[in-house]
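Below is one structure. I have some questions about it.
Chains here go by letter, A, B and C, matching the order in which they are written, and residues are numbered from 1 within each.
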């Protein structure tokens, strides 16, 4: 005696539900059958940047009508998570723009297509890439794990006018940095001398600290591939870095606040990539410097010299990773296109100071951008040669693929920012933090080593 | 007749049952399965072929450096926040139990923190608590001379947790208030009149009459809010991202799964969370509520 | 009117406390709306401005013209509305069965409903995601960036409480009316649609509104399931806006305002229904 009406109601509901699901169904799975779809995830997610990428994509599609390119902007902070869920859904994009430190763990996880990337690089000619750049993505077998695209170097930018007035040396050596911190904290109109990366959920603290550590000869693994997070050199580096907090802005800070404080004249120095160069001269929309002629007043210190006199520079190489089991051939074609000619320059010009070309044949056109006219030649030269001088933990000679994967994991788990944050809050001493890091990294190393079958 | 009644019932209940079982119960069991296998980024799309590792994930989760701290924080946070919520709800309920002009409007206003979207209020709080002088709280305290430098409210260990607890109280006390108020208004007023005649003072009346009458509803409110707060992810994630002493077990679960890509460990942590909560609830229901 | 607790000696204290509490409840919202209408100098200067000099709508312009917020608003509205309607439909039917009909497993269902809330979102999201992906793969349905799938997950979250609330309410409808109708020859479905539902409009409205709110505000699942900006619901879009290179707090506040106002309005309109429902149901996140 089940009423027909009840059945009808339920049926309507079911239809409504199914209808909703299909109507709002995800990206067109139908067109995929006609054209090959190449999805590119980019962290250049400001609107004007996405537009530029789309223009390049349009140019490519005009020449390759069988391929459809989709540019998907994503937030940098959620990249990890989005890649995980996409992987779980078997919907990894063809290409994603990632930092080079992620390459090793992804390679170890087996999700990168080395063959496709090697094809792209060899197709364009290995000799046309900066030497340093290819070294950073080469696999032990001689292939390339990802396609380098652009990059930047990090520097300590400082108010040269204030430094000159107080007779301070350029903040290159540790001792000079400390002296500057002391002299400038709360003086000359500055609220703070520095800003450290104290936010434990952001990677910025690790990026700056890595340079500090390298300048003291401290690496996560020593020459015998033993974990060395609590080595004397590393502890010294931690002490130096965290000791600077008394001259720095309080609060969970990362690059966002650091930059803002510097640009609004509240702090005297800034650790930042070359991305900041256009901000300093007021060429970046959004935040304008409240200090006039900030570009002219700013000094540039890309190297850091530690307690033993070693010098270190830090930089980032941004690569395009091609994921396995996607439309890798079409992806390879797109990337080859995006690294050539005017299209490459167009993307680089989105932020030329933050996107140093990886291809030697693009340098001349790139260096003609207006922004470079505002800076002295030696600064420009340092930037251009960034790839030759940049150092990273992961690329020290003693690092093999397991060690590199662990370093990538360290960064993913934000271990250093957390340790730094713990010490600043007084929960740990520096030595305890170093020991804590030592244990964590050993755990990661054990997992990664066990994976090597 | 009874049989067709049953058939009808099954039909009516079917959509709800299917959706809930399919999308809640089944994943819950699936989660147990995931927690006993090693699942990382490399085999996430072929979970059924993942290697079985028994209770290994649980062991690793519990031994993880962040676990003990997260457990302590979760317990501290859940109980404190729920206590604050219940007490605040009691206070507001008592206030609103009196009739005064504008009572209806006041009541409506009090509920707004509860119905407004979480993300919006979380961001407003972050803005109010901005660690520079732009943050209103810092500015007011600076002006009043109570602090010398702007404080990073959400970025200082200990302080951040207190703020989060306060936030929970602010946001969820309307819920407690509603339930308590309903009960308050049901209390037999003759009890008060009799006590007044006997010469009992106001505080005395409160302790001896009001509170006992409220015992059940207070206990229920506490339990319900505790259950919710224990499992909360969104609130803390949006306010502090889990840093500065506010890392609770749900946040740790997220970190294991999406930062370390160790889904087995993440699931194990989540299961531990459920077990602790269930254990507590059983004890609580037996002892405190005497059901 | 008889007071529960007499506060006459402390009448002043009463008003002070009341005003203070009201202020603490309302001030953040005032700040949210006023901040969204300040210009950049007022927003970021060394002294916060309590009353903006003029109403600047730049933030809203930016939001809708350049950031595509309208699309996200539409997404959220559709998701929330669909969830609400389907939830009340399914839950009503199920609640009627639970309230009026005898069947095996009735108690199990009721207990199941409450047990479901034992499991945190973070626990369910991964297995749910993995499961849906496999099912979606078999049916050739995209699971990510699919608002329909998201609606399904929201239904799973809201049906238990909706059913519980409605069942409780249905029980308060006197059974005699229904019995009389049945004896008079009405079929069960007529009883449901002509008697029970019309008498339960407050509860059904309450459940609809409450479910709408959940669909509007939900964060975790939307965060995990949606990748493309044009598919984002409001919470995720707000997160994305706040993580921009230069955090424009006026834009963040404007987005928060746009997200909050409809819900608060909805609440104020249906206030009475909602309160009864919240108390009866007893559980909301």
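Heads up, the rule we're going with is that a residue touches a chain if its C-beta (ideal position, glycine included) is under 8 Å from a C-beta of that chain, and two chains touch if they have at least 3 such contacts.
Small disclaimer: the values here were computed from a predicted structure and weren't measured.
*Asks:* Just to be sure I understand: going only through chains that touch, what's the smallest number of steps from subunit A to subunit C?
*Replies:* Counted as steps through touching chains, the separation is 1.
*Asks:* Going by the contact definition above, tell me which chain pair has the most C-beta pairs touching.
*Replies:* B-C
*Asks:* With centres defined as the mean C-alpha position, give me the subunit A-subunit B separation in Å.
*Replies:* Inter-chain centre distance comes to 36 Å.
*Asks:* How many angstrom lie between the centres of subunit B and subunit C, each centre taken as the mean Cα position?
*Replies:* Result: the chain centres lie 16 Å from each other.
*Asks:* Two or more other chains in contact with one residue: find those residues in subunit C.
*Replies:* 90, 93, 126, 130, 133, 152, 188, 239 - these are the residues of subunit C that touch more than one other chain.
*Asks:* Check each residue of subunit A and list the ones that touch at least two other chains.
*Replies:* 3, 6, 10, 13, 81, 88-90
*Asks:* Could you pull out the residues of subunit B that touch at least 2 other chains?
*Replies:* Residues 8, 12, 15, 44-45, 257 of subunit B each touch two or more of the other chains.
*Asks:* What does subunit B use to touch subunit A in their complex?
*Replies:* Interface residues on the subunit B side: 4, 7-8, 11-12, 14-15, 40-42, 44-45, 65, 131-132, 149-152, 154-158, 241-245, 255, 257-261.
*Asks:* Which positions of subunit A touch subunit C when the two form their complex?
*Replies:* Those residues of subunit A that touch subunit C are 3, 5-6, 9-10, 13, 16-17, 20-27, 29, 46-47, 72-78, 81-82, 85-86, 88-91, 256, 286-287.
*Asks:* Taking the complex as given, what residues does subunit B use to touch subunit C?
*Replies:* 2, 5-6, 8-10, 12-13, 15-17, 19-20, 22-28, 30-31, 33-34, 44-45, 47, 91-92, 94-95, 97-99, 106, 108-113, 115-121, 123-125, 127-128, 133-136, 139, 170, 175, 178-179, 182, 184-185, 187, 189, 192-193, 202, 205-206, 210, 220, 224, 227-228, 230-234, 238, 250, 253-254, 257, 263, 266-267, 270-271, 273-274, 277-278, 281
*Asks:* Using the touch rule from the top, collect the residues of subunit A that touch subunit B in their complex.
*Replies:* 1-3, 6-7, 10, 13-14, 80-81, 83-84, 87-90, 106, 109-111, 198-201, 250-253, 409, 412-414, 418, 421, 425-427, 436, 439-440
*Asks:* Can you list the residues on subunit C that touch subunit A in the complex?
*Replies:* Per the touch definition, subunit C meets subunit A at residues 66-67, 78, 82, 86, 89-90, 93, 126, 129-130, 133, 136-137, 140-149, 151-152, 187-189, 193, 223-225, 227-229, 239-240, 243-248.
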